[in-house]
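These notes are about the structure you will find just below.
Naming follows writing order (A, B and C), and every chain is counted from residue 1.
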Amino acid sequence: MKKVDKNKLGELMQAVLDAGKELIAPVRQGDHTAYARIKKPGDAALDILLTRMPLKEFFLPKTECLLKYTNLEGGGVEVSDPDPLNQERVVFGARPCDASSLPIMDKVFTWDYNDSLYLARRDKTTIVSIACESPAASCRCESVGISPSAKDGSDVLLTPIGDAYTVDAVTEKGEKLVALWGSKLSDASDADAAKAAAFKPALPGHQTDTASLRGKLKAKFETPAWAEQTMKCVGCGACAYLCPTCHCFDIVDEKSGCGGERRRNWDACAFSTFTLHGSGHNPRAEQQHRYRQRVMHKFDYYPEKFGPVACVGCGRCLSACPVGMDIFEIIEKVTADE
Amino acid sequence: MNNANQNIYKPYILRVVETKDETPDVRTLRLKFDNEEEGRAFTFKAGQFAEYSVFGEGECTFCIASSPTRPDFIECSFKLVGKVTAALRDCEVGAVIGFRGPYGNYFPLDMMKGKNLLFVGGGIGLAPLRSLFWNVLDTRADFKDVSILYGARTVSDLVYKDELKEWESRSDVKAVFTVDPGGETPDWTGKVGFVPAVLEQMAPSKENTIVITCGPPIMIKFTVQALEKMGFAPENIVTTLENRMKCGLGKCGRCNIGSVYVCKDGPVFTYDQIKKMPDEF
Amino acid sequence: MTDNLRKLARELLESGKASVVIGYGDATLPGRTTPVFITSAAEADRLVWNEHCLNNLAVYLSSRKFKTDGKIAIVAKPCDLRAIINLVQENQVKREDVIIIGMVCSGMKDNDSGKPLEKCNACMEHVPKNCDEIIGDPASAPKPADPNAEFISLEKLEAMSPDERWAFWSKEFSKCIRCYACRQVCPMCYCTQCIAQKTQPQWIPSSQTPKGNFSFGMFRALHSAGRCVSCGECERVCPVGIPLNLLTAKMRKEIREKYGYEAGCDPDAPAPMCNFKPDDKEDFIR
């Protein structure tokens, strides 16, 4: 295992840029925070505990071109693929919860059909995560079996040990990046490794034992508690769009001139139009049904099909909800014995 | 995994070779592959669906309404309900259509061999049944008795009118057609009554019989109730679900009913399977 | 004030005068509140009143209608109260169906920074008007701010050239994710089908591109003209921090200058964008 001084992270980022790779890091944009492409290490704001926007937009952008078309004279049409992604990318300073969302999305985008657009982005990107030293009141990672130093989805994990971080190459991609950094890293001692292994900051917020509660959800599908607990939901898409694992999308065409694009756009089950049929029939007619879908998809349907729950406990949906909905509180309430 | 680096959202290019107005708001398009080689390589099974698109307007999901036994063309029938169907309706002969598919599962034809088949359809729900029905007629010897009960709100809402006449005249098919009370015309010779009620009058035998049904949700609900009353086992009632879809590939998360992706695990389900799903369709 | 509020809620529910009290309760995140729907006197103690009662609860009277047989009692800050009055004027709710519990308000604080909200610094109405009940001592209320205080933030924008303004908004709206939180929390956005969802014809591209985002933002701003009560909810809930209040403030300023009108302040004043007379001097309306 390697280590690096805390004040040397800029050098690691610079090495990424010098190698001709794109660098993505947490940044401040006025009061807003997000992961963004940066041109110099100084633009990174690694002190941000959790950016408002999740990492997913670099793999499933809020809007992207699926294909381009041009109408030909004489009535035909020419269809072409979007421009391929050729650039290697490094995300520096992801949080373990955000990184953990990627293997969850991978399962959706690779089962049966491979989504080549998503996979190209995954393939070209190396993720360097930094374990969280001071989790916030909204952090819920331990509610879903993740920790502030979880490795899943990261290629390299930096774990704080006093004035330095241990540098742990989790994957082959991570090893390549560690090799690129070379002498900028020093060898970690056994004591350093032991410190990193013992790293376990306490989460200040209430954690919900979803592992034991989620088994009860199916039986509680019809409980009136759904209506009570979701009464205040105003039906916006903030929770879904800020969620690192929400991946539902829409496909629309946009014309321009004598051609245009077919685009994939984020969509959300909270919207009343999401499942609305052309006939006017809506299988999820009320907001309570739509919110229930959100909970069931994450904690029952997805795990049934793919294994883990589709939530990484980042807490963005709690802190950003206009009306203070708390998905974990709702799980506790709807599964409670009547 | 059936693709390596292909763009799974890229459609085939098909051309409209024939259009037909089935009812005032339902039209059928007959389509052919622009690239003949692609057309020859293309295969599908009855019950599968596809994403049809008009470039610049968007994609829309319908079943393939023609039979795999007649592979020279693909047909789709659709009701005018929104932006894309309006654009498809404007497509005249020669127009270019995007086509992704075939997607989803299909009717269990092998399991149906040697059995009596009863088709129960309503409105535009005849479209997926029609694909299977012609498939069955084209391989008629494989099946025992074949019956069809089809209904619509009014006489003018009956789709595939020419084919209904053909089926009625065949000796190897028992065909019963009905319209809802008030939907009949003076020269209507068929039944008048809702599909489930007419079904009860027909009193089909459950012995060695598989029922294939598709139609509006309310018709399916009461048809299934009637069938259960007559002793049909849920696993011998087959239907096809029409949920709102976008990708058809198990990605976009729109068609899910519980953990079931209608686009991948369906659209064809037995009533036995449907009973296990949450009531969200 | 919390005690008085709970007492009033208990009375309203016990007497059957109201079947529900919509108010604020503690949220699961520390220091925050969340909308609560109190339907029995025994639950009245869930109600709280503090500096974090940010939501404009009037939204539950319009598009996200709370269904109940009796009257709805609703806790309202003076700014939120204007939304209720405006909804009454627009025939979205009957005045007699609602019991308005007006709160004397000395200002709210931001959930994250703890600083007073910008709108509260510019507040002209700390004491509720047009309500059925008042909680709090009007004498303790802060002095009203200067009427132009709410437009101070506009000065920077108005000083920009059209090109600079275009660049400013293009950058801001490029962040938009089209979650529609701004629309969903707005008590005045109660259309059953928003123009943003219409596809025949499609006025607004649904893609989260600058073009689509920008046109959605502009449509919303224009639809708010003469109707926005400056509760500031759209800007507060925007997850990506677009300064939407600058757009609505500009609309309010134009309406004030041209019509001398403030939405939701006077139940009897005709709303400039919602009223017409057959003898209007312009002929476009006939």
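Assume a residue touches a chain if its C-beta (ideal position, glycine included) is under 8 Å from a C-beta of that chain, and two chains touch if they have at least 3 such contacts.
This structure is a prediction, so every number in the text was calculated from the model and none was measured.
Measuring from the average of all protein CA coordinates, the nearest chain centre is that of A.
Among all pairs of chains, A-B has the largest number of C-beta pairs in contact. When you average the Cα atoms of each chain and compare centres, the chain farthest from chain B turns out to be C.
The distance from the centre of chain A to the centre of chain B, each centre being the mean of the chain's C-alpha atoms, comes to 39 Å.
Inter-chain spacing, taken between the CA centroids of chain B and chain C, is 49 Å.
Averaged C-alpha coordinates put the centre of chain A at 32 Å from the centre of chain C.
Taken residue by residue, chain A touches two or more other chains at 250, 252, whereas all remaining positions touch fewer. Residues of chain C found to touch two or more other chains are absent.
Shared interface positions of chain B, i.e. residues touching 2 or more other chains, are given as 82.
Contact residues on chain C toward chain B in their complex (touch as defined above): 199-200, 202.
Touching chain A in their complex are the following residues of chain B: 1-11, 13, 34, 53-59, 79, 81-82, 85, 94-96, 98, 216-217, 242-244, 246-247, 249-254, 256-259, 264, 278, 280-281.
Against chain C, in their complex, chain B makes its touches with residues 82-83, 86.
In the complex of the two chains, the chain A residues touching chain B come out as 66-67, 69, 71, 75-77, 79, 81-82, 108-117, 221, 247-253, 255, 260, 262, 264, 267, 269, 274-279, 281, 283-284, 289, 293, 296-297, 300-302, 304-305. Against chain A, the residues of chain C that register as touching in their complex are 27-30, 32-37, 55, 59-60, 64, 66, 175, 177-181, 183-185, 197, 205-209, 233, 236-237, 239-241.
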